[in-house]
């Protein structure tokens, strides 16, 4: 793998490690603060100077968090993010393949147009969604969230996948066509297995946008029956106080499912690396 | 497209209403045993309190209550969206006094005048009623009328040889210098200046304490005034000259955290902090009215319940408001949260309640006194915008991004533009 | 007209329609249409109403939002908003933040991706760490940064304090406040850039690289003349997606600075929010939202045009 990388000669191994360590530290500091705070007793959270590690760790915040509605928030988040990612996947893979390989009059304009839906400020979407969804009984309903997240998940996935599909070698497509495969067959049996890095990244980011979305969820869900984690977390900031400990415990719990998704997609990335090396 | 869709929705709603008209009997039965939707602030004391007692209301009135709890940072936005969409998502909701004039002007909320007796008005008292009155209408009923009171540390005061809380700005500055103790990381006080509502209400308090206000008697902005200059000068003196308060752009959360941790000798904060302070500070603090240059007391704000114009169950909404602001409920609320409550009869009951400790009674009395000394916020629909302007001025001056002259001039022109807008 | 084996179908980036004399094959066009239609219909169905509603609001007077009556103002709201000093300041500040973020993201993102791509021992651990910020809800990430930076007692101050120093007052200075937003935003955005580039690097064909190496190209030449051109489609995607995100940055600003001090970190999304919910100027807020969409779309189009795939078929 290193042989394919032109930077290997420029940076020594030690230099690379130092650089990666510095970047990792930058990435980890806020997360460290979240996790460290989640184990601190309330009296120690706002202490100056900040204690880097508590000497009296407590699980109180986790108990409070798990005793509340947070399990429901977590399940709702999984349904909304998982559902919209799955739906986005089914729609975006053929669309991206079409945009990348089968240009038709106006197709590039349409591709440009899809990104506009993503730029739309969520706060401007929230109210029209509310009005529209109310008519269909989709308020306070996880299904409503899945639909509402399509305009933000789908363009992202289409864009990511189009970027990857453009580079897909046409020789392979042609060879498959000679073997008698139609477009759906080529897509499922040739293109998708060989595009795992792209598919993994698209699925991961599709999932994450939905997972972290706040404004729309706030507006079209009203009770813990359909509310998601970001909404739940924001209820811990009140006019009078911010429940730091509980909030950070929730944030730490919130890390776990996505960590699992990332690890899963990383496997895809690794397999993709191998596919890439055989491909050449 | 959009228009026709809206019209469809509206026509549909109108048709539904019309269909229920020929059957008043059924309509009434439905209403009496119906449900109301109440919008609350998630995690707030009133959210917890009223949810706990909702069953009593249902038993007494026959109305079920569904509470929808909204995070604080988004609560105003949600009520605005609901009104804007004529969705009727809420029948009644908790409302900040700040919103009342503009919500009423825009037709989001209803006049409650017809449902409040003279005896009730007298029981609430003049100040409390003023905080919910706009253009002759009673646009909400209050459950809490408060301002920032001066919390001070009795132990640190004693150490500095101080006997009483500051009674003037000069004393405030002087006491802050005397109680600040660098090596222990203790500051005399804190001036909140992160751009946002909190910093804005602080600056408004300083304006009033300096004997001025945001608008003159003619309704014209008086931001660029002697009082404004004195207010901003006092704030910069405290931080940059006396070095009795920390530099930097901080907010209420910082002030509260530092107070609870014992790092502030004086902190002007809302009454809710009292019950939170008891344990960490072990009774070594007391409450006083915030000092002034001319007038003592911070700007007074109330929270209350307002009835949404788009309510699906308007009768239930009125019943709920009457119940939520009744003598008994406010007594219970004051007792549980150790807050001053806006009804003389409820305060009487709290005074007579032997289960409430003398310290707590003294604190409630001190908060009530502080609120009585203060002056209400300015009841104009543009008040949110005025707050926005004060936030720019406060953060601008305290970060030295603006001079006091620039801030006053800039604030004045922004305020004039805001007041000129409909 | 099937392309001959070994030739590349001309890549159709979004700007491709500006290419003259393009010929489309009928049956391929139909296939393309059929493949893309379901997604386009899904987007149209979910977006037509919100977009139409916002546009309608922005073309009418203030009574329209509340009463549903038509009070057509033409482009009046647009000229009013575009001419206001508040909108212009917010636009200018947004552009500054977008530009600063982009330069930092491009340099750091590429450097990290290349370092990880070397596949040294432990790379997998590093790439997992680098991806972590993606999993933190933006509001929590922003709060965490506030605690790290907060004036006088943040984590940086605590650490500086142990050396007898004090950290800078991040939020009490116009430029440091802007820098704090860029830093926190970088933390949230960098993982996307890195993972996209990493996936792009993994998909690179090795033939051109080997050929160049055999020809004696230096690593720097390999990067600039071979890898980056090959990564163009991925870079275009990163640009377009990050542009959209950077232009609507909200949580970080709201939590860290509230738009201050003195409105110096006010950005378009906070401006729109204030216009709609503080000023209750719905037509103005809607017009500003549409302007934001148009501005971002223009920048995205520019990015796509600049990164148009001009590679000759190999």
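Think of it as A, B and C in the order they're written, each chain with its own count starting at 1.
The criterion applied here is as follows: a contact is a pair of C-beta atoms (placed from the backbone, for glycine too) under 8 Å apart; a residue touches a chain by one contact, two chains touch by 3 or more.
Since the model is a prediction, treat every value here as computed from it, not as a measurement.
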item: Remotest chain, subunit C as reference, centres from CA atoms; value: B
item: Chain pair with the greatest number of C-beta contact pairs; value: A-C
item: Cα-centroid distance, subunit A relative to subunit B, in whole angstrom; value: 38
item: Separation of subunit A from subunit C, taking each centre as the mean of its C-alpha atoms, in whole Å; value: 15
item: Multi-chain contact sites of subunit C, meaning residues that touch two or more partners; value: 49, 53, 152-153, 273, 276
item: Subunit A residues counted as touching two or more neighbouring chains; value: 48, 123, 127, 131-132, 234
item: Sites on subunit B at which at least two other chains make contact; value: 5-6, 73, 77, 84, 258
item: In the complex with subunit A, residue positions of subunit B that touch it; value: 5-6, 9, 41-45, 68-74, 77-78, 81, 84-85, 87, 89, 185, 253, 256-258, 260-261, 263, 270, 272-273, 276, 280
item: In the complex with subunit C, residue positions of subunit B that touch it; value: 1-3, 5-7, 10, 73, 76-77, 80, 83-84, 86, 102, 106-107, 193-196, 246-251, 254, 258, 384-385, 388, 391-393, 395-396, 398-402, 407, 421-422
item: Subunit B-touching residues of subunit A, taken from the complex the two chains share; value: 43, 45-48, 123, 126-127, 130-132, 134-135, 218-219, 222-223, 231, 234-243
item: Residue numbers on subunit A that touch subunit C, as the complex places them; value: 1-2, 4-11, 13, 16-17, 19-20, 23-24, 26-31, 33-34, 37, 48-50, 52, 91-92, 94-95, 97-112, 114-125, 127-129, 131-132, 147-148, 150-151, 154-156, 158-160, 162-164, 166-167, 169-171, 174-175, 183, 195, 197-198, 200-201, 204-205, 208, 211-212, 214, 229-230, 233-234, 247-248, 251, 254-255, 258-259, 262-263, 266, 269-270, 272-273, 276-277, 279-280
item: Residues of subunit C defined as touching subunit B within the complex; value: 48-49, 52-53, 55-56, 62, 65-66, 68, 70, 150-153, 169, 171-174, 177, 254, 257-264, 273-274, 276-282
